[in-house]
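Would you mind keeping the following structure in view while I ask a few things?
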(Lines give C-alpha, C1' and ligand atoms only; values in the text may rest on other atoms or scores of the structure.)
Protein backbone atom coordinates (compact mmCIF):
# COMPACT_ATOMS: atom_id res chain seq x y z
CA UNK A 1 0.00 0.00 0.00
CA UNK A 2 1.07 3.56 -0.72
CA UNK A 3 2.30 5.95 1.98
CA UNK A 4 0.18 9.03 2.54
CA UNK A 5 0.59 12.29 4.42
CA UNK A 6 -2.35 13.79 6.32
CA UNK A 7 -3.45 17.37 5.55
CA UNK A 8 -4.87 17.70 9.03
CA UNK A 9 -2.68 17.29 12.11
CA UNK A 10 -5.69 16.26 14.18
CA UNK A 11 -6.77 13.48 11.84
CA UNK A 12 -6.56 10.74 14.50
CA UNK A 13 -8.57 12.67 17.10
CA UNK A 14 -11.18 13.56 14.49
CA UNK A 15 -11.57 9.96 13.42
CA UNK A 16 -11.81 8.79 17.04
CA UNK A 17 -14.44 11.40 17.86
CA UNK A 18 -16.52 10.52 14.83
CA UNK A 19 -16.21 6.76 15.48
CA UNK A 20 -17.50 7.30 19.00
CA UNK A 21 -20.62 8.96 17.60
CA UNK A 22 -21.46 5.89 15.48
CA UNK A 23 -24.19 4.15 17.45
CA UNK A 24 -23.83 1.04 15.31
CA UNK A 25 -20.18 0.50 16.34
CA UNK A 26 -21.26 0.55 20.02
CA UNK A 27 -24.16 -1.84 19.37
CA UNK A 28 -21.92 -4.29 17.50
CA UNK A 29 -19.14 -3.95 20.09
CA UNK A 30 -16.50 -2.76 17.63
CA UNK A 31 -13.43 -0.84 18.77
CA UNK A 32 -11.12 1.47 16.86
CA UNK A 33 -7.62 0.07 17.21
CA UNK A 34 -5.34 2.06 14.96
CA UNK A 35 -5.53 5.23 12.87
CA UNK A 36 -2.74 6.16 10.45
CA UNK A 37 -2.78 8.46 7.41
CA UNK A 38 -4.79 6.49 4.85
CA UNK A 39 -5.28 3.49 7.14
CA UNK A 40 -7.73 2.45 9.86
CA UNK A 41 -8.01 -0.79 11.82
CA UNK A 42 -11.17 -1.86 13.69
CA UNK A 43 -11.65 -4.90 15.95
CA UNK A 44 -14.92 -6.80 16.28
CA UNK A 45 -15.11 -9.52 18.95
CA UNK A 46 -17.59 -12.31 18.24
CA UNK A 47 -20.92 -12.38 20.07
CA UNK A 48 -24.27 -14.06 19.46
CA UNK A 49 -25.80 -10.78 18.29
CA UNK A 50 -23.50 -10.66 15.25
CA UNK A 51 -24.46 -13.96 13.65
CA UNK A 52 -26.23 -15.19 10.57
CA UNK A 53 -28.19 -18.45 10.64
CA UNK A 54 -25.12 -20.74 10.81
CA UNK A 55 -23.60 -18.83 13.76
CA UNK A 56 -20.85 -17.25 11.66
CA UNK A 57 -20.42 -13.49 11.58
CA UNK A 58 -23.27 -12.08 9.44
CA UNK A 59 -22.10 -10.52 6.17
CA UNK A 60 -23.74 -7.30 7.35
CA UNK A 61 -21.69 -7.17 10.55
CA UNK A 62 -18.50 -7.75 8.57
CA UNK A 63 -19.52 -5.09 6.07
CA UNK A 64 -20.39 -2.58 8.80
CA UNK A 65 -16.93 -2.62 10.35
CA UNK A 66 -15.00 -2.62 7.08
CA UNK A 67 -17.21 0.22 5.78
CA UNK A 68 -16.32 2.27 8.88
CA UNK A 69 -12.64 1.34 8.45
CA UNK A 70 -12.65 2.45 4.81
CA UNK A 71 -14.65 5.61 5.45
CA UNK A 72 -12.31 6.68 8.24
CA UNK A 73 -9.22 5.78 6.21
CA UNK A 74 -10.56 8.23 3.61
CA UNK A 75 -11.26 10.86 6.28
CA UNK A 76 -7.66 10.77 7.58
CA UNK A 77 -6.52 12.34 4.30
CA UNK A 78 -9.26 14.96 3.96
CA UNK A 79 -8.87 18.64 4.89
CA UNK A 80 -10.10 19.95 8.29
CA UNK A 81 -13.87 20.40 8.72
CA UNK A 82 -14.67 17.69 6.19
CA UNK A 83 -17.00 14.80 6.89
CA UNK A 84 -17.16 11.60 4.93
CA UNK A 85 -20.03 9.50 3.54
CA UNK A 86 -20.12 6.24 1.61
CA UNK A 87 -21.25 6.49 -2.03
CA UNK A 88 -21.04 2.77 -2.72
CA UNK A 89 -19.10 -0.40 -2.05
CA UNK A 90 -18.73 -3.97 -3.17
CA UNK A 91 -17.75 -6.79 -0.85
CA UNK A 92 -16.67 -10.33 -1.76
CA UNK A 93 -16.93 -12.97 0.93
CA UNK A 94 -14.04 -15.39 0.59
CA UNK A 95 -14.54 -17.86 3.43
CA UNK A 96 -17.05 -18.58 6.20
CA UNK A 97 -16.49 -15.88 8.84
CA UNK A 98 -16.09 -18.06 11.92
CA UNK A 99 -13.79 -17.00 14.73
CA UNK A 100 -13.32 -15.32 18.09
CA UNK A 101 -12.91 -11.92 16.49
CA UNK A 102 -12.74 -10.12 13.19
CA UNK A 103 -10.19 -7.51 12.15
CA UNK A 104 -11.27 -4.93 9.58
CA UNK A 105 -8.62 -2.88 7.80
CA UNK A 106 -9.38 0.04 5.52
CA UNK A 107 -6.73 1.51 3.19
CA UNK A 108 -6.91 4.44 0.84
CA UNK A 109 -6.16 3.33 -2.70
CA UNK A 110 -6.63 6.74 -4.35
CA UNK A 111 -7.31 9.91 -2.38
CA UNK A 112 -9.13 12.79 -4.03
CA UNK A 113 -10.45 16.22 -3.26
CA UNK A 114 -14.03 14.94 -3.19
CA UNK A 115 -13.97 11.27 -4.16
CA UNK A 116 -11.66 8.77 -2.43
CA UNK A 117 -11.38 5.10 -3.39
CA UNK A 118 -10.58 2.62 -0.61
CA UNK A 119 -9.80 -1.05 -0.30
CA UNK A 120 -10.75 -2.99 2.80
CA UNK A 121 -10.17 -6.47 4.09
CA UNK A 122 -11.57 -8.49 6.96
CA UNK A 123 -9.66 -11.27 8.68
CA UNK A 124 -11.26 -13.66 11.14
CA UNK A 125 -9.08 -15.16 13.83
CA UNK A 126 -9.86 -18.60 15.27
CA UNK A 127 -7.50 -20.44 17.62
CA UNK A 128 -4.81 -17.93 16.72
CA UNK A 129 -5.10 -18.56 12.98
CA UNK A 130 -5.97 -15.60 10.74
CA UNK A 131 -8.03 -16.14 7.64
CA UNK A 132 -8.99 -13.56 5.02
CA UNK A 133 -12.80 -13.70 4.86
CA UNK A 134 -13.85 -10.58 2.97
CA UNK A 135 -12.51 -7.87 0.69
CA UNK A 136 -14.14 -4.49 -0.02
CA UNK A 137 -13.73 -1.92 -2.78
CA UNK A 138 -15.42 1.34 -1.78
CA UNK A 139 -16.00 4.89 -3.02
CA UNK A 140 -16.20 7.63 -0.40
CA UNK A 141 -17.19 11.28 -0.77
CA UNK A 142 -16.97 14.32 1.47
CA UNK A 143 -20.30 15.01 3.15
CA UNK A 144 -20.64 18.53 1.73
CA UNK A 145 -20.26 17.18 -1.80
CA UNK A 146 -22.68 14.32 -1.12
CA UNK A 147 -25.45 16.58 0.06
CA UNK A 148 -25.18 18.79 -2.97
CA UNK A 149 -24.54 15.88 -5.29
CA UNK A 150 -27.37 13.49 -4.58
CA UNK B 1 -40.15 -8.01 -11.46
CA UNK B 2 -40.64 -11.56 -12.75
CA UNK B 3 -43.08 -14.00 -11.16
CA UNK B 4 -41.51 -17.13 -9.69
CA UNK B 5 -42.82 -20.43 -8.41
CA UNK B 6 -41.27 -22.02 -5.31
CA UNK B 7 -39.88 -25.59 -5.53
CA UNK B 8 -40.48 -26.06 -1.83
CA UNK B 9 -43.97 -25.72 -0.33
CA UNK B 10 -42.48 -24.81 3.03
CA UNK B 11 -40.39 -21.95 1.71
CA UNK B 12 -41.96 -19.31 3.95
CA UNK B 13 -41.58 -21.35 7.15
CA UNK B 14 -37.99 -22.18 6.25
CA UNK B 15 -37.14 -18.53 5.67
CA UNK B 16 -38.83 -17.49 8.93
CA UNK B 17 -36.99 -20.19 10.89
CA UNK B 18 -33.64 -19.19 9.42
CA UNK B 19 -34.28 -15.45 9.95
CA UNK B 20 -35.02 -16.13 13.62
CA UNK B 21 -31.59 -17.79 13.99
CA UNK B 22 -29.81 -14.64 12.72
CA UNK B 23 -28.53 -13.00 15.90
CA UNK B 24 -27.75 -9.80 14.00
CA UNK B 25 -31.40 -9.26 13.00
CA UNK B 26 -32.40 -9.45 16.70
CA UNK B 27 -29.61 -7.08 17.73
CA UNK B 28 -30.57 -4.55 15.05
CA UNK B 29 -34.29 -4.93 15.82
CA UNK B 30 -35.26 -6.02 12.28
CA UNK B 31 -38.45 -7.96 11.60
CA UNK B 32 -39.40 -10.17 8.68
CA UNK B 33 -42.59 -8.73 7.20
CA UNK B 34 -43.35 -10.65 4.04
CA UNK B 35 -42.06 -13.73 2.23
CA UNK B 36 -43.18 -14.56 -1.31
CA UNK B 37 -41.53 -16.73 -3.97
CA UNK B 38 -38.52 -14.69 -5.05
CA UNK B 39 -39.31 -11.77 -2.72
CA UNK B 40 -38.65 -10.87 0.92
CA UNK B 41 -39.45 -7.70 2.84
CA UNK B 42 -37.73 -6.72 6.12
CA UNK B 43 -38.53 -3.78 8.41
CA UNK B 44 -35.92 -1.92 10.45
CA UNK B 45 -37.19 0.71 12.94
CA UNK B 46 -34.73 3.49 13.72
CA UNK B 47 -32.85 3.45 17.03
CA UNK B 48 -29.71 5.12 18.33
CA UNK B 49 -27.73 1.88 17.99
CA UNK B 50 -28.11 1.90 14.20
CA UNK B 51 -26.49 5.23 13.47
CA UNK B 52 -23.40 6.56 11.81
CA UNK B 53 -21.79 9.79 12.99
CA UNK B 54 -24.53 12.10 11.65
CA UNK B 55 -27.36 10.10 13.29
CA UNK B 56 -28.58 8.62 10.01
CA UNK B 57 -28.87 4.88 9.57
CA UNK B 58 -25.31 3.51 9.18
CA UNK B 59 -24.58 2.09 5.72
CA UNK B 60 -23.75 -1.19 7.46
CA UNK B 61 -27.19 -1.41 9.12
CA UNK B 62 -28.88 -0.72 5.80
CA UNK B 63 -26.69 -3.31 4.09
CA UNK B 64 -27.34 -5.93 6.79
CA UNK B 65 -31.10 -5.91 6.30
CA UNK B 66 -31.03 -5.76 2.51
CA UNK B 67 -28.44 -8.59 2.45
CA UNK B 68 -30.80 -10.73 4.54
CA UNK B 69 -33.74 -9.76 2.30
CA UNK B 70 -31.82 -10.73 -0.85
CA UNK B 71 -30.41 -13.94 0.63
CA UNK B 72 -33.84 -15.08 1.76
CA UNK B 73 -35.44 -14.08 -1.54
CA UNK B 74 -32.92 -16.46 -3.16
CA UNK B 75 -33.68 -19.18 -0.60
CA UNK B 76 -37.43 -19.11 -1.36
CA UNK B 77 -36.67 -20.54 -4.82
CA UNK B 78 -34.12 -23.17 -3.79
CA UNK B 79 -34.91 -26.88 -3.32
CA UNK B 80 -35.61 -28.31 0.18
CA UNK B 81 -32.59 -28.82 2.47
CA UNK B 82 -30.63 -26.03 0.84
CA UNK B 83 -29.03 -23.20 2.77
CA UNK B 84 -27.91 -19.91 1.28
CA UNK B 85 -24.77 -17.81 1.66
CA UNK B 86 -23.73 -14.48 0.18
CA UNK B 87 -20.87 -14.59 -2.33
CA UNK B 88 -20.73 -10.87 -2.91
CA UNK B 89 -22.75 -7.69 -3.23
CA UNK B 90 -22.54 -4.09 -4.24
CA UNK B 91 -24.60 -1.34 -2.67
CA UNK B 92 -25.09 2.23 -3.88
CA UNK B 93 -26.29 4.78 -1.35
CA UNK B 94 -28.60 7.24 -3.05
CA UNK B 95 -29.68 9.60 -0.28
CA UNK B 96 -28.99 10.20 3.42
CA UNK B 97 -30.83 7.40 5.27
CA UNK B 98 -32.79 9.48 7.77
CA UNK B 99 -36.21 8.34 8.93
CA UNK B 100 -38.35 6.54 11.49
CA UNK B 101 -37.82 3.23 9.79
CA UNK B 102 -36.22 1.53 6.82
CA UNK B 103 -37.84 -1.01 4.51
CA UNK B 104 -35.55 -3.51 2.78
CA UNK B 105 -36.87 -5.47 -0.18
CA UNK B 106 -35.00 -8.32 -1.84
CA UNK B 107 -36.03 -9.66 -5.26
CA UNK B 108 -34.62 -12.52 -7.28
CA UNK B 109 -33.42 -11.28 -10.65
CA UNK B 110 -32.16 -14.62 -11.96
CA UNK B 111 -32.55 -17.87 -10.03
CA UNK B 112 -30.12 -20.72 -10.59
CA UNK B 113 -29.32 -24.19 -9.35
CA UNK B 114 -26.31 -22.94 -7.41
CA UNK B 115 -25.91 -19.22 -8.12
CA UNK B 116 -28.82 -16.77 -7.76
CA UNK B 117 -28.59 -13.07 -8.59
CA UNK B 118 -30.75 -10.69 -6.54
CA UNK B 119 -31.61 -7.03 -6.56
CA UNK B 120 -32.44 -5.20 -3.35
CA UNK B 121 -33.65 -1.77 -2.42
CA UNK B 122 -33.96 0.15 0.82
CA UNK B 123 -36.51 2.87 1.41
CA UNK B 124 -36.47 5.16 4.43
CA UNK B 125 -39.73 6.59 5.65
CA UNK B 126 -39.85 9.96 7.40
CA UNK B 127 -43.12 11.73 8.27
CA UNK B 128 -44.92 9.29 5.99
CA UNK B 129 -42.74 10.06 2.97
CA UNK B 130 -40.81 7.17 1.41
CA UNK B 131 -37.41 7.80 -0.15
CA UNK B 132 -35.21 5.30 -1.98
CA UNK B 133 -31.90 5.40 -0.13
CA UNK B 134 -29.97 2.33 -1.31
CA UNK B 135 -29.89 -0.26 -4.06
CA UNK B 136 -28.09 -3.64 -3.93
CA UNK B 137 -26.99 -6.09 -6.60
CA UNK B 138 -26.03 -9.42 -4.98
CA UNK B 139 -24.84 -12.92 -5.85
CA UNK B 140 -26.01 -15.74 -3.61
CA UNK B 141 -24.93 -19.41 -3.55
CA UNK B 142 -26.26 -22.52 -1.87
CA UNK B 143 -24.27 -23.32 1.27
CA UNK B 144 -23.23 -26.78 0.10
CA UNK B 145 -21.71 -25.29 -3.05
CA UNK B 146 -20.05 -22.48 -1.12
CA UNK B 147 -18.26 -24.82 1.25
CA UNK B 148 -16.89 -26.92 -1.57
CA UNK B 149 -16.27 -23.93 -3.77
CA UNK B 150 -14.21 -21.59 -1.62
CA UNK C 1 -38.36 3.76 -13.98
CA UNK C 2 -38.84 7.37 -12.96
CA UNK C 3 -39.65 10.13 -15.45
CA UNK C 4 -37.04 12.87 -15.75
CA UNK C 5 -36.90 16.29 -17.35
CA UNK C 6 -33.74 17.44 -19.13
CA UNK C 7 -32.08 20.72 -18.06
CA UNK C 8 -30.62 21.11 -21.51
CA UNK C 9 -32.83 21.29 -24.62
CA UNK C 10 -30.00 20.00 -26.78
CA UNK C 11 -29.40 16.88 -24.69
CA UNK C 12 -30.03 14.45 -27.55
CA UNK C 13 -27.72 16.23 -30.00
CA UNK C 14 -25.02 16.48 -27.34
CA UNK C 15 -25.23 12.77 -26.59
CA UNK C 16 -25.15 11.87 -30.30
CA UNK C 17 -22.12 14.11 -30.89
CA UNK C 18 -20.24 12.64 -27.97
CA UNK C 19 -21.15 9.05 -28.93
CA UNK C 20 -19.76 9.66 -32.42
CA UNK C 21 -16.41 10.69 -30.88
CA UNK C 22 -16.10 7.34 -29.05
CA UNK C 23 -13.68 5.37 -31.20
CA UNK C 24 -14.55 2.18 -29.32
CA UNK C 25 -18.22 2.33 -30.36
CA UNK C 26 -17.14 2.51 -34.03
CA UNK C 27 -14.67 -0.36 -33.60
CA UNK C 28 -17.29 -2.57 -31.93
CA UNK C 29 -19.96 -1.57 -34.47
CA UNK C 30 -22.39 -0.19 -31.88
CA UNK C 31 -25.10 2.31 -32.85
CA UNK C 32 -27.02 4.79 -30.73
CA UNK C 33 -30.71 4.00 -31.18
CA UNK C 34 -32.63 6.16 -28.75
CA UNK C 35 -31.95 9.07 -26.40
CA UNK C 36 -34.58 10.22 -23.90
CA UNK C 37 -34.19 12.22 -20.66
CA UNK C 38 -32.55 9.73 -18.30
CA UNK C 39 -32.52 6.90 -20.83
CA UNK C 40 -30.24 5.71 -23.66
CA UNK C 41 -30.48 2.64 -25.88
CA UNK C 42 -27.53 1.23 -27.86
CA UNK C 43 -27.52 -1.64 -30.37
CA UNK C 44 -24.59 -4.02 -30.88
CA UNK C 45 -24.84 -6.50 -33.77
CA UNK C 46 -22.84 -9.69 -33.31
CA UNK C 47 -19.55 -10.13 -35.16
CA UNK C 48 -16.52 -12.37 -34.74
CA UNK C 49 -14.48 -9.50 -33.28
CA UNK C 50 -16.76 -9.28 -30.23
CA UNK C 51 -16.34 -12.81 -28.94
CA UNK C 52 -14.83 -14.57 -25.99
CA UNK C 53 -13.43 -18.09 -26.34
CA UNK C 54 -16.81 -19.83 -26.70
CA UNK C 55 -17.99 -17.45 -29.47
CA UNK C 56 -20.46 -15.64 -27.22
CA UNK C 57 -20.28 -11.87 -26.80
CA UNK C 58 -17.25 -11.12 -24.58
CA UNK C 59 -18.19 -9.68 -21.17
CA UNK C 60 -16.03 -6.68 -22.09
CA UNK C 61 -18.02 -5.94 -25.26
CA UNK C 62 -21.28 -6.17 -23.31
CA UNK C 63 -19.86 -3.93 -20.61
CA UNK C 64 -18.57 -1.37 -23.11
CA UNK C 65 -21.99 -0.72 -24.62
CA UNK C 66 -23.91 -0.69 -21.37
CA UNK C 67 -21.29 1.64 -19.84
CA UNK C 68 -21.81 4.05 -22.74
CA UNK C 69 -25.60 3.70 -22.38
CA UNK C 70 -25.43 4.49 -18.65
CA UNK C 71 -22.95 7.33 -19.03
CA UNK C 72 -25.05 9.00 -21.70
CA UNK C 73 -28.26 8.43 -19.75
CA UNK C 74 -26.57 10.42 -16.95
CA UNK C 75 -25.43 13.11 -19.40
CA UNK C 76 -28.99 13.72 -20.68
CA UNK C 77 -29.87 15.18 -17.26
CA UNK C 78 -26.76 17.26 -16.71
CA UNK C 79 -26.55 21.02 -17.33
CA UNK C 80 -25.11 22.39 -20.60
CA UNK C 81 -21.32 22.27 -21.01
CA UNK C 82 -20.97 19.27 -18.74
CA UNK C 83 -19.11 16.11 -19.70
CA UNK C 84 -19.50 12.76 -18.01
CA UNK C 85 -17.02 10.12 -16.82
CA UNK C 86 -17.48 6.74 -15.20
CA UNK C 87 -16.33 6.49 -11.56
CA UNK C 88 -17.15 2.81 -11.18
CA UNK C 89 -19.56 0.06 -12.10
CA UNK C 90 -20.52 -3.48 -11.29
CA UNK C 91 -21.91 -5.91 -13.83
CA UNK C 92 -23.56 -9.28 -13.21
CA UNK C 93 -23.71 -11.70 -16.13
CA UNK C 94 -26.96 -13.65 -15.97
CA UNK C 95 -26.84 -15.91 -19.01
CA UNK C 96 -24.46 -16.79 -21.86
CA UNK C 97 -24.57 -13.82 -24.26
CA UNK C 98 -25.29 -15.65 -27.50
CA UNK C 99 -27.39 -14.02 -30.20
CA UNK C 100 -27.55 -11.98 -33.40
CA UNK C 101 -27.40 -8.72 -31.52
CA UNK C 102 -27.30 -7.18 -28.08
CA UNK C 103 -29.41 -4.30 -26.80
CA UNK C 104 -27.95 -2.14 -24.03
CA UNK C 105 -30.24 0.15 -22.06
CA UNK C 106 -29.04 2.71 -19.55
CA UNK C 107 -31.43 4.38 -17.08
CA UNK C 108 -30.79 7.03 -14.49
CA UNK C 109 -31.73 5.77 -11.05
CA UNK C 110 -30.75 8.90 -9.12
CA UNK C 111 -29.54 12.07 -10.81
CA UNK C 112 -27.29 14.48 -8.93
CA UNK C 113 -25.42 17.70 -9.41
CA UNK C 114 -22.11 15.88 -9.61
CA UNK C 115 -22.76 12.19 -8.97
CA UNK C 116 -25.43 10.25 -10.88
CA UNK C 117 -26.31 6.60 -10.25
CA UNK C 118 -27.47 4.53 -13.22
CA UNK C 119 -28.83 1.07 -13.84
CA UNK C 120 -28.19 -0.73 -17.09
CA UNK C 121 -29.32 -3.95 -18.69
CA UNK C 122 -28.24 -5.93 -21.71
CA UNK C 123 -30.57 -8.22 -23.66
CA UNK C 124 -29.35 -10.60 -26.33
CA UNK C 125 -31.72 -11.50 -29.12
CA UNK C 126 -31.51 -14.89 -30.84
CA UNK C 127 -34.12 -16.10 -33.35
CA UNK C 128 -36.39 -13.28 -32.21
CA UNK C 129 -36.21 -14.27 -28.54
CA UNK C 130 -34.91 -11.68 -26.06
CA UNK C 131 -32.97 -12.82 -23.02
CA UNK C 132 -31.62 -10.66 -20.20
CA UNK C 133 -27.90 -11.41 -20.08
CA UNK C 134 -26.36 -8.67 -17.93
CA UNK C 135 -27.26 -5.99 -15.41
CA UNK C 136 -25.11 -2.98 -14.43
CA UNK C 137 -25.12 -0.63 -11.46
CA UNK C 138 -22.92 2.40 -12.20
CA UNK C 139 -21.78 5.68 -10.67
CA UNK C 140 -21.12 8.56 -13.04
CA UNK C 141 -19.56 11.98 -12.36
CA UNK C 142 -19.28 15.18 -14.32
CA UNK C 143 -15.88 15.47 -15.96
CA UNK C 144 -14.98 18.74 -14.27
CA UNK C 145 -15.56 17.17 -10.85
CA UNK C 146 -13.65 14.02 -11.80
CA UNK C 147 -10.54 15.91 -12.79
CA UNK C 148 -10.48 17.86 -9.56
CA UNK C 149 -11.61 14.91 -7.51
CA UNK C 150 -9.17 12.15 -8.42
CA UNK D 1 -0.09 -11.59 -3.53
CA UNK D 2 -0.19 -15.27 -2.54
CA UNK D 3 1.84 -17.92 -4.34
CA UNK D 4 -0.20 -20.63 -6.04
CA UNK D 5 0.55 -23.99 -7.61
CA UNK D 6 -1.20 -25.04 -10.82
CA UNK D 7 -3.13 -28.35 -10.89
CA UNK D 8 -2.59 -28.59 -14.61
CA UNK D 9 0.91 -28.69 -16.12
CA UNK D 10 -0.38 -27.29 -19.39
CA UNK D 11 -2.01 -24.25 -17.81
CA UNK D 12 -0.02 -21.71 -19.83
CA UNK D 13 -0.70 -23.39 -23.19
CA UNK D 14 -4.39 -23.70 -22.34
CA UNK D 15 -4.63 -20.03 -21.44
CA UNK D 16 -2.78 -19.00 -24.62
CA UNK D 17 -5.02 -21.18 -26.79
CA UNK D 18 -8.16 -19.79 -25.22
CA UNK D 19 -6.93 -16.19 -25.43
CA UNK D 20 -6.29 -16.65 -29.15
CA UNK D 21 -9.93 -17.70 -29.63
CA UNK D 22 -11.19 -14.42 -28.10
CA UNK D 23 -12.18 -12.34 -31.12
CA UNK D 24 -12.42 -9.24 -28.94
CA UNK D 25 -8.75 -9.37 -27.92
CA UNK D 26 -7.76 -9.40 -31.63
CA UNK D 27 -10.13 -6.54 -32.45
CA UNK D 28 -8.78 -4.42 -29.57
CA UNK D 29 -5.17 -5.35 -30.39
CA UNK D 30 -4.43 -6.86 -26.96
CA UNK D 31 -1.60 -9.33 -26.46
CA UNK D 32 -1.04 -11.92 -23.75
CA UNK D 33 2.32 -11.14 -22.19
CA UNK D 34 2.74 -13.41 -19.19
CA UNK D 35 0.97 -16.39 -17.64
CA UNK D 36 1.91 -17.67 -14.18
CA UNK D 37 -0.07 -19.77 -11.72
CA UNK D 38 -2.73 -17.37 -10.46
CA UNK D 39 -1.46 -14.43 -12.52
CA UNK D 40 -1.95 -13.14 -16.07
CA UNK D 41 -0.62 -9.98 -17.73
CA UNK D 42 -2.13 -8.47 -20.91
CA UNK D 43 -0.85 -5.51 -22.94
CA UNK D 44 -3.12 -3.09 -24.80
CA UNK D 45 -1.43 -0.51 -27.07
CA UNK D 46 -3.41 2.70 -27.59
CA UNK D 47 -5.26 3.23 -30.87
CA UNK D 48 -8.09 5.49 -32.01
CA UNK D 49 -10.54 2.59 -31.93
CA UNK D 50 -10.18 2.23 -28.15
CA UNK D 51 -11.25 5.72 -27.13
CA UNK D 52 -14.10 7.38 -25.35
CA UNK D 53 -15.17 10.91 -26.24
CA UNK D 54 -12.10 12.64 -24.71
CA UNK D 55 -9.63 10.35 -26.55
CA UNK D 56 -8.68 8.43 -23.40
CA UNK D 57 -9.01 4.66 -23.29
CA UNK D 58 -12.74 3.85 -23.00
CA UNK D 59 -13.70 2.28 -19.67
CA UNK D 60 -15.03 -0.66 -21.68
CA UNK D 61 -11.69 -1.30 -23.37
CA UNK D 62 -9.92 -1.18 -20.01
CA UNK D 63 -12.51 -3.50 -18.52
CA UNK D 64 -12.27 -5.96 -21.43
CA UNK D 65 -8.56 -6.58 -20.96
CA UNK D 66 -8.63 -6.75 -17.17
CA UNK D 67 -11.63 -9.12 -17.33
CA UNK D 68 -9.64 -11.43 -19.63
CA UNK D 69 -6.60 -11.13 -17.33
CA UNK D 70 -8.68 -12.04 -14.26
CA UNK D 71 -10.58 -14.85 -15.99
CA UNK D 72 -7.36 -16.44 -17.24
CA UNK D 73 -5.65 -15.98 -13.87
CA UNK D 74 -8.54 -18.05 -12.44
CA UNK D 75 -8.19 -20.63 -15.22
CA UNK D 76 -4.49 -21.23 -14.48
CA UNK D 77 -5.49 -22.81 -11.15
CA UNK D 78 -8.42 -24.90 -12.39
CA UNK D 79 -8.24 -28.63 -13.17
CA UNK D 80 -7.75 -29.86 -16.78
CA UNK D 81 -10.78 -29.69 -19.09
CA UNK D 82 -12.29 -26.77 -17.21
CA UNK D 83 -13.39 -23.56 -18.88
CA UNK D 84 -13.97 -20.27 -17.12
CA UNK D 85 -16.75 -17.66 -17.31
CA UNK D 86 -17.25 -14.34 -15.55
CA UNK D 87 -20.12 -14.21 -13.03
CA UNK D 88 -19.65 -10.56 -12.15
CA UNK D 89 -17.15 -7.81 -11.58
CA UNK D 90 -16.79 -4.31 -10.25
CA UNK D 91 -14.30 -1.80 -11.60
CA UNK D 92 -13.25 1.53 -10.09
CA UNK D 93 -11.63 4.06 -12.40
CA UNK D 94 -8.96 5.96 -10.52
CA UNK D 95 -7.51 8.33 -13.08
CA UNK D 96 -8.07 9.33 -16.71
CA UNK D 97 -6.70 6.46 -18.82
CA UNK D 98 -4.41 8.40 -21.13
CA UNK D 99 -1.21 6.84 -22.41
CA UNK D 100 0.63 4.92 -25.13
CA UNK D 101 -0.44 1.59 -23.72
CA UNK D 102 -2.30 -0.06 -20.90
CA UNK D 103 -1.13 -3.01 -18.81
CA UNK D 104 -3.81 -5.25 -17.29
CA UNK D 105 -2.84 -7.63 -14.51
CA UNK D 106 -5.15 -10.28 -13.08
CA UNK D 107 -4.37 -12.04 -9.80
CA UNK D 108 -6.23 -14.80 -8.02
CA UNK D 109 -7.24 -13.65 -4.55
CA UNK D 110 -9.05 -16.86 -3.52
CA UNK D 111 -9.16 -19.96 -5.70
CA UNK D 112 -12.02 -22.40 -5.37
CA UNK D 113 -13.35 -25.59 -6.90
CA UNK D 114 -16.09 -23.72 -8.71
CA UNK D 115 -15.92 -20.06 -7.68
CA UNK D 116 -12.65 -18.08 -7.85
CA UNK D 117 -12.29 -14.48 -6.72
CA UNK D 118 -9.75 -12.30 -8.57
CA UNK D 119 -8.31 -8.85 -8.26
CA UNK D 120 -7.18 -6.91 -11.31
CA UNK D 121 -5.43 -3.66 -11.95
CA UNK D 122 -4.79 -1.56 -15.01
CA UNK D 123 -1.83 0.77 -15.39
CA UNK D 124 -1.50 3.27 -18.21
CA UNK D 125 1.97 4.25 -19.33
CA UNK D 126 2.64 7.69 -20.77
CA UNK D 127 6.15 8.98 -21.50
CA UNK D 128 7.52 6.09 -19.47
CA UNK D 129 5.48 6.95 -16.38
CA UNK D 130 3.09 4.28 -15.05
CA UNK D 131 -0.16 5.32 -13.43
CA UNK D 132 -2.76 3.07 -11.80
CA UNK D 133 -6.00 3.87 -13.62
CA UNK D 134 -8.40 1.07 -12.68
CA UNK D 135 -8.92 -1.71 -10.17
CA UNK D 136 -11.23 -4.73 -10.57
CA UNK D 137 -12.74 -7.19 -8.10
CA UNK D 138 -14.20 -10.17 -10.00
CA UNK D 139 -15.95 -13.50 -9.40
CA UNK D 140 -15.22 -16.29 -11.88
CA UNK D 141 -16.88 -19.69 -12.23
CA UNK D 142 -16.06 -22.82 -14.18
CA UNK D 143 -18.12 -23.02 -17.37
CA UNK D 144 -19.73 -26.36 -16.49
CA UNK D 145 -21.00 -24.90 -13.23
CA UNK D 146 -22.19 -21.72 -14.92
CA UNK D 147 -24.30 -23.53 -17.46
CA UNK D 148 -26.00 -25.60 -14.81
CA UNK D 149 -26.14 -22.74 -12.36
CA UNK D 150 -27.78 -19.94 -14.32
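Note that the chains take the letters A, B, C and D in the order they are written out, and that residue 1 is the start of every chain.
Rule of thumb we're sticking to: a residue touches a chain if its C-beta (ideal position, glycine included) is under 8 Å from a C-beta of that chain, and two chains touch if they have at least 3 such contacts.
Since this is a predicted model, take the numbers as computed values, not measurements.
Novice: Name whichever of A-D and C-D has more C-beta pairs touching across its two chains.
Specialist: Counting C-beta pairs in contact for C-D and A-D gives the edge to C-D.
Novice: Taking mean CA positions as centres, which chain lies farthest from chain D?
Specialist: Chain B.
Novice: Averaging only over C-alpha atoms, locate the centres of chain A and chain C and give their separation in whole Å.
Specialist: The separation of the two C-alpha centroids amounts to 32 Å.
Novice: Provide the C-alpha centroid distance between chain C and chain D, rounded to the nearest whole angstrom.
Specialist: 21
Novice: Cα centroid separation between chain A and chain D, in whole Å?
Specialist: 28
Novice: Could you check chain B for residues that touch two or more other chains and list them?
Specialist: 87-88, 90, 92, 94-95, 110, 117, 139, 146, 150
Novice: Which positions of chain A touch chain B when the two form their complex?
Specialist: 18-19, 21-24, 26-28, 47-55, 58-61, 63-65, 67-68, 83, 85-96, 143, 146-147, 150
Novice: Show which residues of chain A lie in contact with chain D when the two form their complex.
Specialist: Touching chain D: residues 90, 92, 94-95, 109-110, 117, 119, 132, 135, 137, 139 of chain A.
Novice: Quick check on the complex: what are the chain D residues that touch chain B?
Specialist: 87-88, 90, 110, 112-115, 117, 139, 141, 145-146, 148-150
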